[in-house]
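Below: a set of structures, written as structure tokens.
What follows is a pair of complexes built around subunit A, which joins subunit B in one and subunit C in the other.
And then the complex of A and B:
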């Protein structure tokens, strides 16, 4: 009567397989479907490589050319005007900060309006959500091109580009966070006779604020990187200096700018990690996989 | 035989376990009762090695299992299966895969990572699910099941480990009375037929009385009662729960709110 793997008889196995066939073997059409999906994926990757003329020789030649450029970057130098580079980098950071902050604030009312459990009208929901998709579907670089035309060269264009694109992204993320909020907590507040705005403020927002802050921080990290690029199209910041040096083949200065960008991005990541720890995790930090207790 | 000697556990200033000593004969079904915070969970977790004791030891068949590390400790965990209040099944996996997860200690890691299971293992999983009455749902996702069904799948996962001891930490605290009885009957049936020792934390004294050979009463990290269900009279209940007419109101006494109210009124409830 013992339930052990060793004690199961072949007859017992046959009986169990007859009773629960799908627990032993998936039916042939499911296996065929899986094979078909994987083969199609592989074939598509192969087709893309052929279309791109991605011959191994070409990639190899390109890599050696990359090696030449990399060696030209050593040793990195600041060039004629080091302070100019620092100001430009600071300008990029400011663009990222102001842009993300604007987007994070604008996205709060938009996110609340876009949440299906707050405004359960599917037409309104559909139209608003597609607008979010449209706004964030366009890369900040494209928005930067548009704003450079509209407000002229400089950091204002870059800030507006980041703010526009991220408003769409954050509004969508906030709306989704609100939709996964626990209705019981909102019900608890509503049951006291609170109106709609109070229920949102006291019953819903406390649940989703950590998610909102976390998303905004992530966007800030990401924007610190993309703000360094926006200058290439004239929207201010270090990107302008970078593209200028690349055009002039001054690789040693390019190397220094890249180092500055990497250090800045690392610092911002570290800073946002600290903020996350302080405000979001709230002191508890339980490992997901724990096999032993630290004593 | 499972032997616990002078087991202690401190969390900061709190003594969750304060010198617990007891022996459990092979094949016994032991119910552990007591208020929240009496040390019931810490005791079970100390046996399994999920909590490292501050003092004392746990011996099984003559081996000090609390001193085991690494592979040897994982093997000990395979032999003393754990069942949880919240079932701890993996929601997005089907019942079959959840149960097969209990085989990890018997097989190679790469094969498990690729989810490759043999015909014999699948048969064993199906047989075990038949034993707990859950074979019909074998391909259903775990999160589509009711609480009682999930707990029975969790019992199947424990059984397929081929354990010698089952530790059940509040297995029925999240279930309605009908499902609670069903789960305890399943555990009792396994205890009788497979000869597996069961250590069970329960909030309700009546459930422990109805299903266990032996009852332990814990209070403030110490064992204050150890005897058969018949020996558990009003006086011993009062010693465990510290309430007059304990037989009637004991179950409520162990809810967090009641324990908090004892400790310091409304402030503690928050």
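And then the complex of A and C:
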């Protein structure tokens, strides 16, 4: 029987309200709690806006200034030296590439050492893992600023910054990949009397290598983004050109550099997606010899 | 090879032939990949001038830098040394608080903005193609430009201070969260939506009562992750003058106040780690409860 509003008698309505009070009205404490949550949120927002000095006048002035900036970006131009911009972009890309490569190589031994099932000493494990956390807790831009002081301006500082920050991240990811690897294969290899290094090479590595490569590619994608801004602190790449143009208020060139960064990041994302699909995830289950071809 | 000859049937020979052919093919592909890779490495070294020798030559400078940041602490005057090292502790704590507020406020703004845009950026919820397309492109633009670039521009427009950092992170969060929310939206069960549509619910009612209950767990997880991300980002937008502890760190590094650098970095990393752990606990509690 379908219940419609018209078919319910007032007595039935009273009965329903008595039996299912929560379907009609929520108890006062729930309403009060909801009010409290919303007021706390509003108070928080208000406090933050006051602390950020976000007076309506300031916001308004800022927005109109932003409007001027945005309209000055159209049409974007390359400025006096387009080749310099492209060279700087290439420098950013190569910084990301070399930095990721260095980190991926350094992270392999560190990741193996940080895996609980390879070195079961928990003190060692804990100390090493917290070191990874500390290193990756510091952003590449901070490392870049430090490296610029330590080894001088230029792409070396940027490459080292990316490499350092990523060694922490990748070592952690590699260690986790090794820990979650199926131990059966390693035990099988060990049962043949193989030594520790052989067990790692034949029992563990084939399982974790695709994960490692995939993670390294992800890091390369995110490093491409980082590498475009490291130049802001003088660590090489397109970021230097960008902050230079912003300081000089040459907004049309700023617009063009932002477009270049966005297009490059999109291209690298696409490329890395393609490589992952084609070689790492797609190739995993391909049999070496197809039986229908062999017979 | 004597053992093999006993199995020397045409089928086995064909199989082995096939096997060798595929092995050769595979070796060729591997060789090409390795050559391309080596060419990339060499090319990259030429472009940036980053060679192993120059890197190794730079390492002593690096070691020296880190040695400088180690504070002078002797056991005899241990507490006085720590106090001297952290003389500006309360000032830094205030700035760290600013940084956390920037991250939290930006995440909040990001959630609101992403909520507004994600429903119209979901293929299954928005049938109006121009609005869908516009929402998608807007989100893409907001998240592809790095936060620091927004911060640089906003510092010019709104002046130096946390407001510029907050706005920069907000724009980026809207883009990042909006895309993730839209993906969650696109994976929902459409039957409740159809049910509400059949009962005469309008677009907003369908979203509120058929979509939101389904997507809330996914949203929560992504939002917590975004707060972690924003905290790291909030610390670095200060480098370009957008407020918080980053601005102080930048000054310390630029003026070679070595011991301040290590003191601030330790505070920053501790905060990041503590908040990561907190958000992990929160995620487990919130999402674990949903599952049960």
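Heads up, the rule we're going with is that the second predicted complex is superposed on the first by the 214 of 295 C-alpha atoms of A that agree within 3 Å, B and C clash if a C-alpha of one lies under 4 Å from a C-alpha of the other, contacts with A are read in each partner's own complex, and residues count from 1 in each chain.
To be clear about the criterion, contacts are C-beta pairs under 8 Å (C-beta built on N, C-alpha and C of every residue); 3 or more make two chains touch, one makes a residue touch a chain.
Values in this document were obtained by computation on a predicted structure and should not be read as measured data.
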Residue contacts with subunit A in the superposition, subunit B compared against subunit C: C
Check the residue A:62 against both partner chains and state whether it touches subunit B (first), subunit C (second), both, or neither. second
Scan A:74 for contacts with subunit B and subunit C and give back first, second, both or neither. neither
Considering only the touch criterion stated at the top, classify A:141 as touching first (subunit B), second (subunit C), both, or neither. second
Touch test for A:236: subunit B only (first), subunit C only (second), both, or neither? second
Check whether A:13 is in contact with subunit B, with subunit C, with both or with neither, and answer first, second, both or neither. first
Identify the partner contact of A:22: answer first if only subunit B is touched, second if only subunit C is, both if each is, neither if none is. first
Under the contact definition given at the top, report the residues of subunit A touching subunit B in one complex and subunit C in the other. 293, 295
Please give the residue numbers of subunit C that touch subunit A in the complex, ascending. 11, 14-15, 18-19, 22, 26, 40-41, 43-45, 47-50, 54-55, 58, 61-62, 64-65, 98, 101-102, 104-105, 108, 141, 144-146, 148-149, 152-154, 156-159, 161-163, 166, 232-233, 235-236, 239-240, 243, 249-250, 253-254, 256, 261, 265, 268-269, 272-273, 276
Residue set of subunit B touching subunit A in the complex reads 50-52, 54, 74, 96, 103, 106, 119-128, 131, 135, 138-139, 159-160, 162, 193-194
Which stretch or stretches of subunit A touch subunit B in the complex? 1-5, 8, 12-13, 16-17, 19-20, 22-24, 291-293, 295
Touching residues (chain side subunit A, partner subunit C) in the complex: 41, 44-45, 48, 51-54, 58-59, 62-63, 65-66, 69, 90-91, 93-95, 97-98, 101, 133-134, 137-139, 141-142, 145-147, 149-152, 154-156, 159-160, 225, 228-229, 232-233, 236, 242-243, 246, 249, 254, 258, 261-262, 265-266, 288-289, 293-295
